[in-house]
Amino acid sequence: MIRTEHVVKRFGGITAVDDVSLSIDKGSITGLVGPNGAGKTTFFNLIAGRFPPSSGKIFLDGEDVTGLAPHDLFGKGLLRTFQIAHEFTHLTVRENLMTVPPDQAGETLWKAWFMPGQVRRQEKEVAARADEVIEFLNLTHIADELAGNLSGGQKKLLELGRTMMVDAKVVLLDEVGAGVNRTLLNEIGDAILRLNKERGYTFCMIEHDMDFIGRLCDPVIVMAEGRLLASGTVDEIKSNETVIEAYLGAGRDRAAERAKA
Amino acid sequence: QAEVKLGVILGFTGPIESITPTMAAAAEMAMSEVSDSGKLLGGETVTSVRADSTCIDSAAATAAAERLVTSDNVAAIVGADCSGVTGAIANNVAVPKGVVMISPSATSPALTTIEDNGYFFRTAPSDARQGQVLADMMKDQGITEIAVTYTNNDYGKGLADSFQAAFEAAGGKVSISVPHEDGKGDYSAEVATLAATGSKELAVFGYVDQGGRGIIQSALDTGAFDKFVLCDGMIGDSLLEAFGDSLNGTIGTLPGNDGEGATKFLELAKAKGIDGSGAFAPESYDAAALLMLAMEAAGSTDRAAIQAKVLDVANGPGEPILPGELGKALEIIAKGGDVDYVGATGVELIGPGEAAGSYKELLVDGGKFTTVQIR
Amino acid sequence: MSAILTRTRLAYLGIIVLLLLVGVFQSWSVALVMINLCLISAVMALGVNIQWGYAGLFSAGTVGFVALGGLAGVLISEAPVIEAWDVGGAGLIYSVATLAALIAAIFIIMSVMKPGTARRIVMTCVILGGYFAVRYFFDPATDAIEGVNPSAQGFLGGLGLPILLSWPVGGLLAALVAWGIGKVALGLRSDYLAIATLGIAEIVIAVIKNEDWLARGVKNVSGLARPMPKEIALQESPEFIGWIEWLHSGALSTVTGDERIQMLRDFAQQDAGTFVKLIYMLLFTVVLLILFALAQRALNSPWGRMMRAIRDNEVAAEAMGKNVTKRHLQTFILGSAVVGIAGAMLTTLDGQFTPGTYNPLRFTFLVWVMVIVGGSGNNHGSVIGGFLIWFAWVQAEPAGILLMDGLTFFMAPDNPVRLHLLDAAAQMRPLLMGLVLLLAMRFSPKGILPEPIRTAR
Amino acid sequence: MSFLIGKDMRGGYGGADILNGCTIGVDKGQIAVVVGPNGAGKSTAMKALFGMLSLRAGSVTLDGRDITSMSPQDRVACDMAFVPQTNNVFAGMTVEENLEMGAYLRRDDFSDTMAEVFDLFPILKEKRRQFAGELSGGQRQQVAVGRALMTQPSVLMLDEPTAGVSPIVMDELFDRVIAIKKTGIAVLIVEQNARQALEIADIGYVLVSGENRFTDTGEALMADPEVRKSFLGG
Amino acid sequence: MFALMSNFVFVPALTYGSQLALGALGITLVFGVLRFANFAHGDLMAFGTMGVVLITYWLQAHGIGIDPLPTALLALPFGIALAVGASLLIDRTVYRFYRKRRAAPVILVVASVGVMYVLNGLTRFVIGAEDQRFFDGARFLISAGDFKDLTGLDEGVTIKLTQALTVVVAVLMVAALFWFLQKTRTGKAMRAYSDNEDLALLSGISPDRVVAVTWIIAAVLATVAGTLYGLDKSFKPFVYFQLILPMFAAAIVGGIGQPIGAIIGAYVVAFSEVMLTYAYKRALMYIGPEGWGPEGLMQILSTEYKFAISFLILVFVLLVRPTGIFRGKVI
């Protein structure tokens, strides 16, 4: 579905993504993990067209999409969420969601002016869909609140909600779990599985919660210092020495020790 | 008894705000002279109602003029100053409402031809005339090449154009003609360009307290020019106060046909603490004086009646009237006599109601303006 | 929701009351003059609100578009100056053709040659050569044009069409230029965009001021045609007189003879002014209503929602498939066009085109103040802001004089303090204007009519 | 009476109250952990404790002193430190400057503390001259915590310090928090990584709709099936 | 040749640039710390300078002076005090309200337009709209005559005392400000505050203090700039008010929020105005062979477009470097 060839991204002297070639299979839920600053978010930004790579090529569904703008990629069915929530602060939660669907009649000026009937009909559909998403995310009580006034976790939920507003081909999730209540996160995991199974979405998700990754992802890709470190099933990764050293640490045992202390 | 009101609409805020207070004061000086004489329409007093033309904002000026005319019920208007707002007020307020307005400073030739129904006059001559006078003067001085800078509005541009045409017709050469914007912070670029032509003299067509002064200062500072040719807007004592002897040899023109009226006006102004040499101050005095004399001649403050009399009192035949003699003039008119208002600038209104334009040729000598001759 | 509605109604009511007060205490004529300018200001504010309130574009080039609208007034309504076309038209057309050729050449070089030093050198040579080639035709042509009866003409004139046509054309002209500017400058962020547009507006005005062949530059074009007869023509027209007689038949029947003629003349003079102003008011109101309706519908549609989303977070909007650049350009053009229409309306009302008028403080920042005080993002707010600020702008002056008079009434008429204060009364205008502005913002920091939160569906 | 305690706090952002009488306290040498669903008011409670939100009712006391109406910067002077959930770095300043700002009120030499922070978060040392705004999400989080540590506080309040932080750093962080509390500092943490956090907590609060739903030791809460199911993700 | 360029191009542009720089510095500082474009800065300049002018007149009337330096330098502290007082009062009564409410920057911008009008009116109310000349003391450091005598060249270089003074003060001010912002605690606190107000609070930085210090510095800069400008040219409120546009242009070209940027930007604006419209004819005549002279004036662009040019350059700079020469702030 997504394939990159020798993708490099430099910021001044820093090489954030360094010669990454990988592919994400159609219909998979691929996990992307790695230590802080490994270049994961940057890699997402490259795929999603936030900025062009310094070199290398990116393919979406076999088509070369290197350097395309984000809105073009959105048009090709690629959606992404942001690690640091990018909500529309002065729009309500519902409006935030309703903004997402593409090709709304009312987004063309002359239709907005002269074809109010069609616009209204479509608005109803979009609103209904938004309300479904809102309900699913437990945001019903604040559907009319300005998104800027949400709590940190609620904003992350909204990020996720936007990807549920359209039928996407590929969804890039950048740490949707961070700051989200674990019980709710489990439900989100279920939803991701469902979307994957029933609608055939391809997911690629960055996450630091290995339990969550373990439950959803196959395969898992590990990045460190801008490079590809390893890839494989969750269990392979979890037992990979270099990955443990660079990323996972001896977490399990230490937690147990702590509990005793 | 009811007061007679005259509107004074000038740009109290905006680009020429530094010269308008003096203009207004001069106009009001004429009013108080008349009031004090107690001879207008049998003892009426005249008060001024000021309004702000902003010099550039036609819309605000129109609103202000409308207020003067319909709310304050002024009998006539002294103003406005800049040609743009003057045109707007004349077209949209004064002429439709039938109110006389006499502008002391709008010199644009285009105003000559506005459809004014006879209600618009000016005590400042049209630029076309002054350009000719300046050209003649220069020819006499033996100047054959000169650099010109003008304030970038219709006054400056019009004057520069007419001067250039006249000068070149007389065989002179304008090496460069550079506009300057008033109220800006720095004029070194203009002066640098002017200096680069190698001309020895610089003609400055602008305002004495505005960009024109900035140009002269910059020119003196850099030593680019030391002899200037000035138009009427540039003549003022404040220029001499600022630069004094460094201006010696500078020549200029000022409307007026003999020294007497101007001298009397200066004395009067001085007694009142007004800088009578300020740009367009004498014209403002004359504008107000004319209106009041016309009022007396009309025997009423009726607007249309005033209009009918302006030209009568401005031009001969009749007793010549100088500044400070307004009381005397009113008396003569009341007795049915004729006056010929000369005033501070030698007022002589021609055809479409504007000053005929005789000019004094001035020379700066020993840090003072001295009149060389009349043209 | 209903609270907002009441607030809006109250605001309109307040404005109406203010204007009525002007009518009663000053004169109806002044009130009408003010309403007309208020209407134009409201249109301008609407235009700026489209740019800032909808899309968050900090454009400070308003004055340039006002001027372009005004220019349309001249280009449409003035009679063509045939001699000027004769002497300079051909040269001007050659220079335009040369310019087109130059631009074509640039594009060809861009596409044919590879980037590098060679291209840069060729490019520089072509541009320089082209520049002089254009000047070669342009300079003599414009000199000739400017030489045609310079004190009254000296320009190409216009098309001699009805001036009302200049309103849409002014909008189009502004839109066209906005398209060019937008292409270049819209990539800039907030304040940088502001200063760039400010600069471009200065350039536009510099061109209008200094290219005399176009519209006489600073020499002004006065006596523009009107959409209705002039007052003095009306005063003479028998139909109008007849109409006046009918209107004032009551008052006129009490007098006869000369007195009646005099009275009729007075009425005619008075009513001709009112009549003209009323027609303007009607025309302006129609324009405002149409533009307002369109703006309102756009804002409340998904389009408006999308624009607000873009305003809030461009990165996210881009990721949600919105073409931010295109939309920015669209709103920039729309807003500029509205401002251009207002500019043409203003020139029509003034009856003259005076480039010296176009000062950013008056037409850019004052309009901004209108939008912010009214409430950005709210079309009603822009209208209210336009009305209120224009009101304050005009009334601050008499208020200043009144205040000074009031403060010093107890002093002797020739008390120097009193004289100084009265002399300085004109300076009360900015002071009061500033105070009104600060107070208005203090009591409603988000504008008199803040942007509503769209909760209802 | 706890060292720092917000009692029966009520208040919000102007509209309806977000805090409906919740009580949160922590003692010296203790770690208190606050958990709860998104939007429960955890961050709001933290802000209230730090004086960034005016309370309609209830009080905040520090060491027995009522500080309800004290300004945030004065609370810093009282040795309180807070890492907010969002916007918690000076994006336009370098990492080093961020840390220096943490020590703004300190007049002594703080190079030791800085060295300690660099020890804890080695990546920061590497990036000390880079603008914090250019860091990755997790790196920013480390800067934020580092800044708070620079004040050498007696109360340390962390709002989701581990959000977006990689497991290895998270472990380090929790280790460090334990070390900090052992020096007699009161630590108050809001966490969604609730299980790890409750493991080290002396006292835990479950906040729902601005009210205390459960309050117990960390262990006890972990053991409570209802808490696990509804709030800790099973 | 050298003299020519120096007289008409270099010295005036340097002076004008320095004058702009001092003003732009104040604008950039307020922008950098308080995050809004302060339109009232020009009028604050006028207001402070008004104080200087009035005190100067008083001093002159009492025969107090420091010849050959202008008396105004003695009066400067009073003007500064006046401006500082005014800006603190204005902040207290106007800006603080919006700051506390976290109003959007544009609200503050418009509030500053209100302040601009008020100061505008106030200044003229007190001192009038007319031109004031308060310069005394020695006029020239090197006059054309002296220079010719000294060097035997036939074109004289002139440098006015005020020009030298302006340049020196501008350089000193920038150095001091730069040092202050980068190295002192208060300076860093100011940057921190501008970066993230909430977090600054959490670091124990007192916002009131930061804001006060900012206004004090801005007022000092404004008054000094205004006084130097007034000494070199003359004091007229309207001109000060008009200076705001080139000052903004300078601040933004340089990269707003960056002190060095303001300085460089100011020189870019000043030099571009003078150099691009300069007629190079005479200069070329010196370089070229004897008796040779170009046909036209060799002017790149005519002075009509002086302002347009400086803005053109500005637009060009922004297109190449969208946040100014020294990466300025983006809000």
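Going in written order, the chains are labelled A, B, C, D and E, and every chain counts its residues from 1.
Definition applied: a contact is a pair of C-beta atoms (placed from the backbone, for glycine too) under 8 Å apart; a residue touches a chain by one contact, two chains touch by 3 or more.
What you are looking at is a predicted structure, and each value in this text was computed from that prediction instead of being measured.
Trainee: Check every other chain and keep only those touching both subunit C and subunit D; list them.
Mentor: Touches both subunit C and subunit D: A, E.
Trainee: When contacts are scored as defined above, which chain pair ends up with more C-beta pairs, A-C or D-E?
Mentor: More C-beta contacts join the chains of A-C.
Trainee: Based on the averaged CA atom positions, which chain is farthest from subunit E?
Mentor: A
Trainee: From the centre of subunit D, which chain's CA centre is farthest?
Mentor: Relative to subunit D, the chain with the farthest C-alpha centre is B.
Trainee: When the C-alpha atoms of subunit B and subunit D are each averaged to a single point, how far apart are the two points in Å?
Mentor: Computed value for the inter-centroid distance: 75 Å.
Trainee: Report, in whole Å, the distance between the mean C-alpha point of subunit B and the mean C-alpha point of subunit E.
Mentor: 35
Trainee: Starting from the mean Cα coordinates of subunit C and subunit E, work out the distance between those two points in Å.
Mentor: One centre to the other, that is 31 Å.
Trainee: Taking each residue of subunit B in turn, which ones touch at least two of the other chains?
Mentor: 12-13, 17, 21, 152, 179
Trainee: Which two-chain combinations touch?
Mentor: Every pair of chains in contact is listed here: A-C, A-D, B-C, B-E, C-E, D-E.
Trainee: Could you list, by residue number, the parts of subunit D that touch subunit E in their complex?
Mentor: 50, 52, 71-73, 76-77, 81-82, 84, 87-93, 97, 100-102, 104-105, 147, 151
Trainee: Under the stated contact criterion, what part of subunit D meets subunit A in this complex?
Mentor: Going by the criterion above, the answer is residues 13, 36-40, 42-44, 85-86, 123, 130, 134-139, 141-142, 159-160, 163-172, 174-175, 178, 192-196, 199-200, 229-234.
Trainee: Which residues, counting only subunit C, touch subunit B once they are in their complex?
Mentor: Answer in residue numbers: 25-30, 33-34, 37, 40, 150-152, 209-210, 212, 217-220, 222-223, 230-232, 269, 272-273, 276, 346, 349-352, 354, 356-357, 359, 362, 393-394, 397-398, 401, 423, 425-427, 429-430.
Trainee: Which residues of subunit A touch subunit C in the complex?
Mentor: Residues of subunit A touching subunit C: 48, 50, 69-71, 74-75, 79-80, 82, 86-92, 94-96, 98-100, 102, 104-109, 112-113, 116, 119, 122-123, 126-127, 144, 146, 162.
Trainee: Which residues, counting only subunit B, touch subunit C once they are in their complex?
Mentor: 12-13, 17, 21, 25, 50-52, 56-60, 62-64, 66-67, 69-71, 82-85, 87-88, 91-92, 95-98, 108-111, 113-115, 117, 128, 152-154, 156-158, 161-162, 165, 179
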